[in-house]
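Structure first, commentary second.
Chain naming follows the written order as A, B, C and D, and within any one chain the residues start at number 1.
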Amino acid sequence: MDMQAIVDQVYSELTPRIGEGKVADYIPELAKVPPNQLGIAVATVSGELYVAGDAATPFSIQSISKVFMLTLALGKVGEGIWKRVGREPSGSAFNSIVQLEHESGIPRNPFINAGAIAVADVVLAGHQPKEAIGELLRFIRYVADDETISIDNTVAKSETATGYRNFALANFMRAFGNLDHPVEQVLGVYFHQCALSMTCQQLARAGLYLANRGVNPLTGHSVVSPKRARRINALMLTCGHYDGSGDFAYHVGLPGKSGVGGGIMAIAPGDAAIAVWSPGLNKVGNSALGSAALELIAQKTGWSVFGS
Amino acid sequence: MDMQAIVDQVYSELTPRIGEGKVADYIPELAKVPPNQLGIAVATVSGELYVAGDAATPFSIQSISKVFMLTLALGKVGEGIWKRVGREPSGSAFNSIVQLEHESGIPRNPFINAGAIAVADVVLAGHQPKEAIGELLRFIRYVADDETISIDNTVAKSETATGYRNFALANFMRAFGNLDHPVEQVLGVYFHQCALSMTCQQLARAGLYLANRGVNPLTGHSVVSPKRARRINALMLTCGHYDGSGDFAYHVGLPGKSGVGGGIMAIAPGDAAIAVWSPGLNKVGNSALGSAALELIAQKTGWSVFGS
Amino acid sequence: MDMQAIVDQVYSELTPRIGEGKVADYIPELAKVPPNQLGIAVATVSGELYVAGDAATPFSIQSISKVFMLTLALGKVGEGIWKRVGREPSGSAFNSIVQLEHESGIPRNPFINAGAIAVADVVLAGHQPKEAIGELLRFIRYVADDETISIDNTVAKSETATGYRNFALANFMRAFGNLDHPVEQVLGVYFHQCALSMTCQQLARAGLYLANRGVNPLTGHSVVSPKRARRINALMLTCGHYDGSGDFAYHVGLPGKSGVGGGIMAIAPGDAAIAVWSPGLNKVGNSALGSAALELIAQKTGWSVFGS
Amino acid sequence: MDMQAIVDQVYSELTPRIGEGKVADYIPELAKVPPNQLGIAVATVSGELYVAGDAATPFSIQSISKVFMLTLALGKVGEGIWKRVGREPSGSAFNSIVQLEHESGIPRNPFINAGAIAVADVVLAGHQPKEAIGELLRFIRYVADDETISIDNTVAKSETATGYRNFALANFMRAFGNLDHPVEQVLGVYFHQCALSMTCQQLARAGLYLANRGVNPLTGHSVVSPKRARRINALMLTCGHYDGSGDFAYHVGLPGKSGVGGGIMAIAPGDAAIAVWSPGLNKVGNSALGSAALELIAQKTGWSVFGS
């Protein structure tokens, strides 16, 4: 079966279920997104793009941004980042603070909120939040080869006003000396990265470097080394879906990173980057239909990293 | 470079480091094993076997047996097993009891001790421990195609006499109604499975079904479905090394399962099953040189599931 | 108002509520006790005894026995006991194991189950369980000045058969090296001490030494020093009711120790020892009516240690 | 022995140890306090004041202020306060956040930091921080009958600048809906209450209402009901010294509240209020010499609530 047929079939299989799950409501702006949407985009390393459904509708990528910020931070400080954040699954919710107290303010991995805040602190590197946000925006536009990608400031503002748990996490890390910059600055960056607005098409293209040994095959731009691409994929597989990472690996079998906006970016190493989006979330906070779409795609393509 | 050259090279690169790490001493019998040993065996799906070092020396496979017991239990009760045990990384040590109290006696995954005890309870299925142990032994001989594999009763006895934490875990689960059989019977099975004595060669062959869509390519025996093979691999990748699983995925990039005897079995889906053994353990309880050997092998072969 | 009038009034005030709460059902034998009972006994340091209701009906004193065992253990090893067990409130349930893992197998205090098991280990002191149980029985008969007090072996057997959590706690401590004797022996003592069968009258008299500077005023026997009596009272006040200790201090204001059999022994230093009993338990596992009775008695007598 | 002789004797017994312990250094301003100081003041219900050492030197009362704020809050909302905060010992450090996550943002008791922040929120009651601080200041001057008591704004500022953990706690509670006012306002009150500057003499007098059935015997002012006085005393005994409360009850036997400034206020119901101060802290964060002084005083006076 050719790829477009697969994407179409997955979309039509899931059409009856569109609207499943629960839209995130703890960020007021996200609660307003209409739930009945499903987008799928597959960007292959050979340069093709296959889409279905709402693949051209921009959405808030939220935690998926953590993958790009980690890429940036690794570029800045290399493996030194692991003094500031671990790389083990957390065994707890995305916004848990318990582990921080037990482990001296070092977050378990860069994909839980606390870890991403530490990464944002590393990316700040003495600059103003505005500059760091600008750097991220330039980076994401570069990897996606798309100058139209932007940040939704309404969403960023909404999170700033209500993100008490993130303020708690940041202050807690600061108390342990694991933030170099003022809490407000670090969270300024963090809330803006989460508010990046992208379509499935843009996101699939942006992830291609992780599927292609660190090089975007569309532009030829080298983003990271092959080894680093593998390592980021490994982190996505073990830690990319909070306390649902094991389940995602079990059912989908691809490195991936989800966001509470309902997006998921998944990587089939050597083959493709995939972006799916549907706002309704399952119990562990990942897109219900997005997960289902990826499971079907992995099944039909045989792309699971765990065997065909 | 051909495979034998790779295996030889890895062995010789690591020779100067033989003896690194700390031999497990909480099981008296294991503490007696001479530390200066390193074995490597790679069994490919095409039927070749490549070995180096102490690949023909039997050792206690300990927790690696959890993979085979899970395979057996899935065969008995299918996906129903997930009512008894979760499939998420635990974020804690192999013998932690904290999570059990917080999550009503349901262990996080089948590869931490508590989870493996629940799996042993499933395999017991109303029989006597002797029969269940016999069933496992027949199974392991079948998948390894080797009738000489046996259980080291001295090790089993040693663990029975000192395995207080396992008794604590089992009694705790029993209190929550998550054990169907008496604690002594379940642990009877558990301590004997851990005392399986195998060589790297035997273990590599025994794991081949997981690398080859569920079928042992040497015998043609179908052990599990391709889907189930993928899923067991996924569990090994996310949970196979306790609280060092993230690190192992990051550095090695292969599904694997370690044991405190110093063995590690790793799977390169579509390519090979690998067994390494060296008694000295690193801080998180995995073979120090075994991990290093697998990292080198993955690097030289490009077998990482996260990209070449 | 004279004391008998107070006791009668409290009994009659509570009569309409007899049967409140939930009888402990995790020990099968206890579940059989008829719930509609309430006994009150006040033994004053001046030698009087005031009773009401079912004060002459024997019941299983359960955890109240921990006070007497602690007294025995302090007699054997003095303040050295505090190397084996702490003296801080636990902030968790009576049978929690989480704290043991976080604090290296040292229970928080002698009145949670784990702590009492450590105390039983100290009392064993190299003897057989039978001898330690005999010693406790002699001690309790001595302090209560009553040779008829006995142990209900059916209850002890019932707990032995179902006390999985206590087996878990004991094995866990043994794993940390905080038990000197085999788990079965220590729990043999523990389950028998819990099965002590006493009436409110007997229990009130048995507690008198704690109200009277360490000396039983009825017999003149010196049991402990005044300082030790004060200290045991302090432990009862801060830790005597598991995670309901703060609440009990707030409402009653007397050192006390509850048991899941529905009994509570409370001490009014300088004035009296009080025993109440009613099988129905409140949410934190203390006798619902027993707590209410003590609150009323403390109110009417002005015996609260926190001011009149 | 008369009271002045006791106070003098305690002071002279401890003189050789002056300087013991470690001055709190996480609040920069407190770290500057010279350690070699010890003050003792005993205010009896009969109206006498006995002092020794540095009893007239003002110090930062820090967490001792929590007793007065709780009194104020109980006056405002009565027993309704217990919907916002528990009254059980926490079993953890004064600034732990773990319990908040496990118990839905309800702090365990009003004397750990999180609980005191909730109490400050209650006292705010829709007003500006300035007004709430003014109210507290008026209240403390009233109960101490001393118009010279003031707040050290340098200390308040120092805590505001470095109190990351308190910001974390407050944001965390706010995330759970357990703060009605903005975090900055609540902490504005909290940091100023902690910065109250008082001498031992002032503090002993301020505590007298708790020793005298709710009435200050010097002024005749009724502050709380006898029942409420008892209950506040009960809370101080079970929760007044964080994770050292059990130990304090064991050794001293009086309700008390400590502060990281090195002060402790203790209550001998029916007899006296005692204030001691010495900046060096012991391992659990209570004044080392202050604790020792109170143990000696309790011993020499027989004031322990647990028996003479």
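Just so it is clear, a residue touches a chain if its C-beta (ideal position, glycine included) is under 8 Å from a C-beta of that chain, and two chains touch if they have at least 3 such contacts.
Just so it is clear, the structure is predicted and the values come from calculations on it, not from any experiment.
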| item | value |
| --- | --- |
| Touching chain A and also chain C, the following chains | B, D |
| Far-end chain from chain C, centres as C-alpha averages | A |
| Approximate Å spacing (C-alpha centroids) for the pair chain B, chain C | 47 |
| Whole-Å separation of chain centres (CA-atom averages), chain B against chain D | 55 |
| Chain centre separation in whole Å, for chain B relative to chain A (CA means) | 32 |
| Per-residue overlap in chain B, given as positions that touch at least 2 other chains | none |
| Each pair of chains that touches, named by its two labels | A-B, A-D, B-C, C-D |
| Residue ranges of chain C in contact with chain B within the complex | 96-98, 100-102, 164-165, 167-172, 174-175, 183 |
| Chain D contact footprint on chain C (complex, rising order) | 86-92, 99, 108-109, 210-211, 213, 226, 229-231, 233-235, 237-239, 243-247, 249-250, 253, 255, 269-270, 304-308 |
